[in-house]
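Each in structure tokens, the structures are laid out below.
Presented sequentially are two complexes of subunit A, the first with subunit B as partner and the second with subunit C.
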Partner chain A sequence: MTEHVLSNTAPTVGDIDTVNAREMRSHRLSVAFRYALLAGVGLLMLYPLIWLIGASFKTNSEIFANPGFWPKNPTLDGYIKGWKTSTPYSFGTFFLNTLWIVVPKVIGTAISCTAVAYGFARFEFPFKKLLFASLIATLLLPNVVTRIPQYLLFRDLGWLDSFLPLWVPSAFAGDAFFVFMLVQFLRAIPRDMEEAARVDGATTWQALIFIVVPLLMPALISVCLFQFMWTMNDFLGPLIYISSVDKYPVSLALKLSIDTTEAFEWNRVLAMSVLTLTPALAVFFLAQKYFIDGISSGGIKG
Partner chain B sequence: MSGESRFLGLFYLSPYVIGLLIFTALPFVASFYLSFTNYNLMNEPIFTGLANYIKLFTNDRTFRKSLWVTLVYVFTTVPLKLAFALFMAVILNYKLKFINVFRTAYYVPSILGGSIAIAVLWRYIFADVGLVNMGLNLIGFESVNWFGDPTNALFTITLLRLWQFGSAMVIFLAALQSIDRTLYEAAAIDGAGRWTSFVYITLPLITPVIFFNLIMQMVQAFQEFNGPYIITQGGPLKSTYLLPLYIYDEAFKRFDMGYASAIAWVLFVIIMLLTLAAFWSSRHWVYYAGDKRS
Partner chain C sequence: MARLQLRNLEKDYGSFRAVHGINLDVEDGEFMVLVGPSGCAKSTTLRMIAGLERITGGEIRIGGELVNDKTPGDRGISMVFQNYALYPHMKVRKNLSFSMRLKRRPATEIAEATQHVSGLLEIDPLLDRLPKQLSGGQAQRVAVGRALIKKPQVFLFDEPLSNLDAKLRASMRVRITDLHKRLKAEGQQATVIYVTHDQTEAMTMGDRICVMKDGHIMQVADPVTLYNRPANTFVAGFIGSPEMNFLDGELEGESSFRTADQAIELGGDFASRLPGNSHRAVTLGIRPQHLRLAAAETPATLKGKLNHIEFMGHEVYLYVDIGPKRLIAVVPSAAYDRSALRDDWVWLSPDPRGVHLFDRQTGENISLAV
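Take a look at the complex of A and B:
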């Protein structure tokens, strides 16, 4: 497609000068325009979040009257009353519940996906092509189609109203995205060191733990961070499987607080929204390099 | 690695194979079977042949409405989001200071966007006297009735997902940065303007990531649940009642598992056909480096 653009006559010195002068002029204009646009869009993107933080310290009457960030009469009411909730449990319980889902899920994902990616990237075995194709198929398979039988399966196992349905499938390398991402990463790592270790008598298992895992670390951290983020955000899973309030994770608790207090106690809901976003935001800012690298290399939804 | 059993690789794959069979393959087949049954959890599933599908297509106005709304939602959200993400990536792909700051700022909504807290925030900022209308009033426009009007309500959800353009943008940006600079210099010397370079150099070279983003965003958009569930509850007049909401209600509110499975299968077939169409058509518009075609 590029040929007919490139196949003109050779440029003369005069042509290059004109081009350069034109480039310089348009360059300055273009830079100013780009900065203005970037800053404008950036502000538009982030203002809702900034407003949210300000609004969580506002009184209920001010929330729908003041579009500014700064509260006129700052109050911690939203946080104090919102934390207590209208249930017998506080948000502390709900955060702990979330933790009990997130921790096993992230650990299970990291271990199972590493082993599976290692298998795909370093070994030849029967049905390899078919199994790798199944990985891609799972990647594209909409969850909506397996959700109902999964529910029935977990019901028969007696797992309803427990955290198990929310993390056990992931501990079996159920998130094809992560396996795929790690396989891509592993394929780019040379095998010399592993082969040297094997010659010296190490088992494949030892090569995995002592050589591959350290090299895989950056990708593995990306996997853990994304899994953490998605699990914190997951709503439909808990909505289907968790029915008792004492087992609610924060996402369900927040929905509950809208249903029970939203008619008048707006600042409670906003304050708890800020709190539920905080862990994800904190982790993101501490480790943003891994997020950006993760999506640009492996290609991850968002 | 040589010398060990051909089955060693399968040993490392065993968690995946077990998980695939139990949590994906088995439910996939079961869901297909359930879609031909009447099953309300109380008794065993009763095979009813095509009854669920016949009812869906001949005698279910909710389904027709929901299917239409879903298609409208997907076909507005996905192109808008991709176009905006690509536009911003092109703007960012320049020798600018603070490029990383902007990239991070744009990426934050993608990190948080799926959470319930953001859906809650959306309810507040698009409320009658919410932030958006206060802003519109400030610059001299009338308030918009976002949630009361059926067309606007769906658009607030589209806006929520547009707001999360960052992840698609980062993928575009990585692709743009990998394009060989000398191609543009050569084109500029030949007198090609910026737009010509974009159309004849940039676009063809990034078609693989456009394709990737298109498939991913489409599969995701068809499964949108949190936004309409929290922000609009499917209303007003079912104008945001996307198919995943309908499936959820049928399965987990009315416990009509057979009927819900049939709807899920219709949704699945639509997604699959569109994905296949995209793959099939990609031969004509996706350019892979090293490929003979130009």
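Take a look at the complex of A and C:
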């Protein structure tokens, strides 16, 4: 019979150090490999964006001559001339127009979707199930299907070439996705706090404003953020309803600079594209923390 | 002033009737406990009183005034919830004063009231904390404070201690009863409705206890009456620990009770209390504390086999099999001498004053009649 003795002598301090050092080395190696891979793939994804930023500082001829992203003779020409545009209006006007579309739309969405979601999540009323089902059904409906009837409706109301067709549907909780999102979020919030508020003498509206909305804040910020980005990027809506150039948002203005000039000034288009991207990116990074925050607040724990 | 009356109160959920027309009067300043197993509709009843649950039928009166159609805020009640329901985004100070701020009371009045309440509950150091920075016991005290600051006519407590650990629960129990006494002494209206499933809480806190089962009230009485004179088998079994022993059998003659294979002379004044009940099918109920060990067999003892014992310190729990039925007897440690027992047979002698007889069909206590 063999005796199962691992070692006759106790391991020395030196042995332990060697083993530790070996493990540390292999650990470092795997970390380095992982990060190199992640950085490589990340760079690949970001490359078009990096190229875009680089190219916006190139001259028009260099864009086609130099495939790299680093401009040889960096120039602000694209930005300066692009900002002026070929129309009587500067790009500033278009930015203001965008803002004038986005801000009321986001506010309207936040208010109306919260109210509708609160109703669906917390109250019993006749045909509730049917109404909620039809709300969800509109989610599945392709947008294109409703374009023409909607256009006719807004034309008959005399709202063409104004921002109303862009604002009003959102102010009446027209975005079913947001309502659905908020309803789901509300369902996860216990009712006790609203009931406590009711006992404390709050009306349903006061309970909504003072208790529910603060609890709903993370979801509400996400809703605003999504609506902000989608509206910033929306091309079709303004294209259909807005015809005068002085009301164009940036998404239309970018297209404008493409088809009105005979020889495309690509560096101007790219420069304005970079500017157009900036607000959405900035807002996203500023609000990112609210996505993470959640509502792990004390009142909800048992 | 703050008398609470429930008249034929009913609640239906679809076709299911949760509360079957209950009637209850709670006097001004009384501490009334609603107790019962889960699903007995005690919380539903409380929520109907609060106005958080719509009632199907009947009347609720607070201080004589019909409040059926009033909103919770207008009923002159305040409520403490099981999981505290503090507003998580407000500091303790704002939590306490929320009801006053809604009513737009002047700032000085709010500050004074907050100070008073936080002093009473010893939560001054916590005023600037958020609910998530509080321990369970502290959060519970804040919740009580929030109820207190409204100076309501009726306080409603919905199992407020069930999320606390055993030790904290015991101290909160005393704190709440103390608070009730103090408010009464200060002349503040302090009618309390307290819902719990814990009979210890009910027995120790309540001036009166309302025992409920399946949406019916089984008995309303003070703790002593409930314990000594239970109206039916449900109350008898629910109140008291360990649970009351029940033996099915029938009455023989005037005061003899026959179960499986033996008969026992009940003695006492049963003959006069139960005339004309011979051969009636009954359930005999006796609390473990009312069974004693007898030295030898007599007509007034039950013979059983000692199956198991539990030593609890000052007393001993004896588990005794009588026919197919297992009885528990609680005897003082001093009265129990294991070495004196031959085999494992023991004789139990019931204290005649602790014997209850229940009608086997209805479960009513028929031995209550004088």
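Quick note on the criterion: the second predicted complex is superposed on the first by the 247 of 302 C-alpha atoms of A that agree within 3 Å, B and C clash if a C-alpha of one lies under 4 Å from a C-alpha of the other, contacts with A are read in each partner's own complex, and residues count from 1 in each chain.
To be clear about the criterion, contacts are C-beta pairs under 8 Å (C-beta built on N, C-alpha and C of every residue); 3 or more make two chains touch, one makes a residue touch a chain.
Bear in mind that the values here come from a model prediction, so they are computed numbers and not experimental data.
When the shared chain is aligned, no partner comes close enough to touch A:216: not subunit B, not subunit C. In the superposition on chain A, A:200 makes contact with subunit C only, while subunit B stays out of contact range. Of the two partner chains, subunit B is the only one that A:152 touches; subunit C does not reach it.
Within the superposed three-chain model, A:172 lies in touch with subunit B and out of touch with subunit C [touch as defined at top]. Between subunit B and subunit C, it is B that contacts the larger number of residues in subunit A. Touch criterion not met for A:242: it reaches neither subunit B nor subunit C.
In the superposed pair of complexes, A:190 makes contact with subunit C only, with no contact to subunit B.
Using the contact criterion defined above for the overlaid structures, shared-chain residue A:101 touches neither subunit B nor subunit C, since it reaches no partner.
With the contact threshold set out at the top, residues 195, 198, 295-297, 299-302 of subunit A are in contact with subunit B in one structure and with subunit C in the other.
Here subunit C touches subunit A in the complex through residues 50-52, 71-74, 77-79, 81, 83-89, 98-99, 102-103, 130-134, 139, 146, 150, 163, going by the rule given at the top.
Looking at the complex, you find that subunit A touches subunit B at residues 1-3, 5-6, 8, 11, 15-16, 19, 23, 26, 30-31, 34-35, 37-38, 41-42, 45-46, 48-49, 51-52, 55, 63-65, 67, 112, 115-116, 118-120, 122-128, 131, 134-135, 138, 140-153, 169, 171-174, 179, 191, 194-195, 198, 204, 208, 229-230, 232-233, 235-236, 239-240, 251, 254-255, 258, 266, 269-270, 272-274, 276-277, 280-281, 284, 288, 291-292, 295-297, 299-302. Across the complex, subunit B meets subunit A through its residues 1, 4, 6-13, 15-20, 22-24, 26-28, 30-31, 34, 88, 91-92, 94, 96, 102-118, 120-121, 123-125, 127, 129-131, 134-135, 138, 163-164, 166-168, 170-171, 173-174, 183, 186-192, 194, 196-197, 200-201, 204, 212, 215-217, 219-220, 222-223, 225-226, 229-230, 244, 247-248, 251-252, 257, 260-261, 264-265, 267-268, 271, 275, 287, 294.
For subunit A in complex with subunit C, the touching residues are 190, 192-193, 195-203, 206, 210-211, 214-215, 295-302.
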